[in-house]
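To start, the structure itself, in structure tokens.
So that you can tell them apart, the chains are marked A, B and C in the order they are listed, and the count of residues begins at 1 in each.
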Amino acid sequence: MKTTPYLSVENLSYRYPDGTLALRELSFELAEGDFVALIGQNGSGKTTASKCLNGLFKPTEGRVIVDGLDTRTTSITKMVVRVGYVFQNPDHQLFNSNVWDEIAYGPRNIQFSEEEVTERVEEAAKVVGLNASYFTEHPFFLPKGLRQRVAIASILALRPKVIIVDEPTTGQDVKQSLEIMDFLTYLHQERGHIIVIITHDMPIVSRYAKRIVLLGQGRKLADGPTSEVFAQPQILAETFVAPPQITQLAQATAELGFDPGTLRVNELLTQFEGLVA
Amino acid sequence: MKMNKTILGYVPEESPLYRIHPFVRVFFLLVVSLFPMLINAPEWNLAIIVLAIFLLKYSRVNLSTLKIYVPVSLSMGFLILLSHTVLGGIHPEFYVSFKLFGFPFYYERIVAAVDVYTRVLPMIFLTVLFLSTSRERDMLVAMRWAHVPFVVTYLVAMALRSVGMVIEDFSIVRQAEKARGFDPQGKSIAYKLRQFVMYIIPLFALALRRSDEFANAIVARGYSFTGLREVKRPDYILTQYRFRVRDGLLVAIISLSLVGVLIIRFGLGGLTLEGSLTLQWLELWLKGGAA
Amino acid sequence: MSIAMRFEDYSWRYSRTSEPALKNVNLEIAAGAVVGIIGPNGSGKTSLAYSMNGLIPNQYNGIRTGAVYVLGKEVTTIPQAQLCQQVGLVFSDPEAQFTAMTVEDEVIFGMENMGLTIAQIKQRLDWVVPLTEIEPLMDKPPYEVSGGQKQRVALASVLGMRPPIMVLDEPTSMLDPMGRQRVFEVLGKLKREYQSTIIVVEHSLENLVPLADLMILVYHGEVLLVAETEPFFEQLGYLMKHDVFPPGVLEFFYQLKVAGHYPAAWPLPQSVAAGAARLRALFEEKK
């Protein structure tokens, strides 16, 4: 079943002011039900590409169409209610003097009525698990985990269909990473958001992402279901990415009958039991 | 073309500029910036601008980047003119060149405006020249070569470095703000100003959180702050720059030109406004030769 | 074998917190060993690392009891300038440790502080720059290079001081998988060719485990488990209870063992290659 894409990137090229061509004729689509990991080596264009998706960067060539709107000609207020962007460092995106104003900042920019703003703030805070006692706190003084939640809530309050999260697990330990990713999965499954994560953490990708868009030197090298892309180590190596260990193990022992697209330990266990039985 | 980032822009990796020792470049900026303070004659100040543009071109700076300074220069000229004419008050003793919306434009005040403007402009051009052809490192090399104490150069470097970081943070914060629907278009100046104040919070937060680690990093690499009391330390970077005969000659030429300007100005009474071609031309144009 | 680092009943509490960051730590690290320190965020790993080069207590206020010995001498008796020639520390956020305008200045900063001669600096640059593969970056501002490059610059700037003990606090958190591998390749080279003592705080265990001789689990300020790498991971059940998430291969073989498919006497393999060999052997056996 092919659904119409919500967002489509068409032959997108992007050149920085210093002349560096960061993206070259990139094309891909995002549709309902997508949970995508944008991966590739440092400098492959992941962050640049993601910033083109909501009009933060305007294409040098090609175009990005979101919900029928061209990012080149659409005002930023129309874009941000469709595509939300969570920056890696919460400190870059918290600039209000209390948590309530912080979350309300986006909706107020869109000039929603104050009742609507209140409703959105309360809902967003509830979704990320911030109770009302935090509303009067200064975001600056909250611990990092909470600051990140405030940052996500401030994007959720705009109710964008697509949520892009830049390196959600960097600087987190594994347990914290799993909590964040479980939360994004909840947003995806229960609230119908299209999720795009930018990450280097392959175990996280194999565990959570349904689809991989693989970038190398500004070009798209592969695009497909996670297990299919991970099953092509030679293409991954082009952009200095290696599949997670368990996938590598399955690939190294494919001659024994293991599936080279294996993503998880328990999948490999099941295969093992099937093979030796 | 491979470009090297400078403080303000980009210079090609291959530029004749790199043959000149950084100290000479800093010396040039410092000395030639003095000229407009000594010179009144507008045509000579314009000549300094031409020299700056020539040097920009010689250094292979992309001249189209200069376009961003055009509005600044023009609006500054406009403000100077405005402050000297419309906002300059009523002076019955001055000659009225023309009237605009009932405001008298005095000849003397226009001349004063031209004088100020043509002295400010070369300083801007020289600074743009320096900043778009020099990297932070050039400044440090120049200072160290001139035996400025290491602590001072290090503090300058850290200041420059934090400016770099703040600029980077600033651009991300602005993106983050845009990503939440802030649209500066069509907003009032007061609104934008308030917005600017908002940036201070995240920039301050980022700086504060980093400063701890910054201090740790310095300590962890064995730097102990001894004040101006110099501990003998090697200077590896300086060894990569050679101060050649040519550099010495350039410093001599720059110094001599300063002496020359001083002599012409104060010894011979030249380079003044009164004797300048511009003034004669302005007289002809604004006074119709009535003087 | 000589002892590079020893903690004796060591405790540390920051003056602004009520709970100690480290409680009664006793540890011994042999010279030339590669040591992995793991544990969840906030468990005291960074405090442990900072205690090794004197940042704790010199740069922080708090209460310190017990002792830390670096190459036989108590940390607080060694002047800081001398200490950091013995223990090099690479911080988790490379951005925050850059103090210079170009990568080159950054790398030589520590060497200049040590008072090396120009010739010595040149010689060390010739060694450390290719080792960390930062040649093309030398005249760029360190904050403008990419995340992976930053971390290699940070590594080079400490390596250049040639400390016999290197402490790395999450050195690969910002890197792509190959970048990570490359950092660990450099560490491997240091271990083999220079017998450096290397202490790594790390969340991502894939690269660490095959290199580490000794593993340390820190949890809520306490050192819960210290063991050589193989026996350390034999206790995977215990580790997982303390929020340690093992690399896929280890976990897979551990599960096999628990399910009775893998002989209890066989060690758990620590790399993909070793794992593949074990699997093949296992299939042989089953036939």
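To be clear about the criterion, contacts are C-beta pairs under 8 Å (C-beta built on N, C-alpha and C of every residue); 3 or more make two chains touch, one makes a residue touch a chain.
All figures in this text were calculated on a predicted structure; none of them were measured in a lab.
Peer 1: So what shape is it, when you link every pair of chains that touch: line, ring, star, complete or other?
Peer 2: complete
Peer 1: Name whichever of A-B and A-C has more C-beta pairs touching across its two chains.
Peer 2: Pair with more contacting C-beta pairs, A-C versus A-B: A-C.
Peer 1: Distance from the CA centroid of chain B to that of chain C, rounded to the nearest Å?
Peer 2: One centre to the other, that is 46 Å.
Peer 1: CA centre of chain A versus CA centre of chain C: separation in Å?
Peer 2: Once rounded, the distance between the two centres reads 30 Å.
Peer 1: With chain centres defined as C-alpha means, what is the inter-centre distance between chain A and chain B in Å?
Peer 2: Taking the mean C-alpha position of each chain, the two centres sit 43 Å apart.
Peer 1: Could you check chain B for residues that touch two or more other chains and list them?
Peer 2: 5
Peer 1: Could you pull out the residues of chain A that touch at least 2 other chains?
Peer 2: none
Peer 1: For chain B, which residues count as touching chain A in their complex?
Peer 2: 1, 3, 5, 10, 169, 172-173, 175-183, 185, 198-199, 201-202, 205-206, 209
Peer 1: Using the touch definition up top, name the residues of chain B that touch chain C in the complex.
Peer 2: 4-5, 135-137, 140, 154, 157-158, 160-161, 164-165, 168, 210, 213-224, 231-237, 239
Peer 1: What does chain C use to touch chain B in their complex?
Peer 2: For this pair, the touching residues of chain C are 50, 53, 55, 58-59, 80-81, 84-85, 88-89, 91, 93, 95-102, 104-105, 108-118, 121-122, 139-141, 143-144, 157-158, 161.
Peer 1: Chain B touches which residues of chain A in the complex?
Peer 2: Chain A reaches chain B through residues 18-19, 51, 54, 56, 75-77, 80-81, 84-85, 87, 89, 91-97, 105-106, 109-110, 140, 154-155, 158.
Peer 1: Going by the contact rule set out above, which residues of chain C touch chain A in the complex?
Peer 2: Against chain A, the touching part of chain C is residues 40-41, 92, 146-149, 170, 173-181, 203-204, 206, 243-245, 247-249, 251-252, 255-256, 259, 261, 272-273, 275-276, 279-280, 283, 286.
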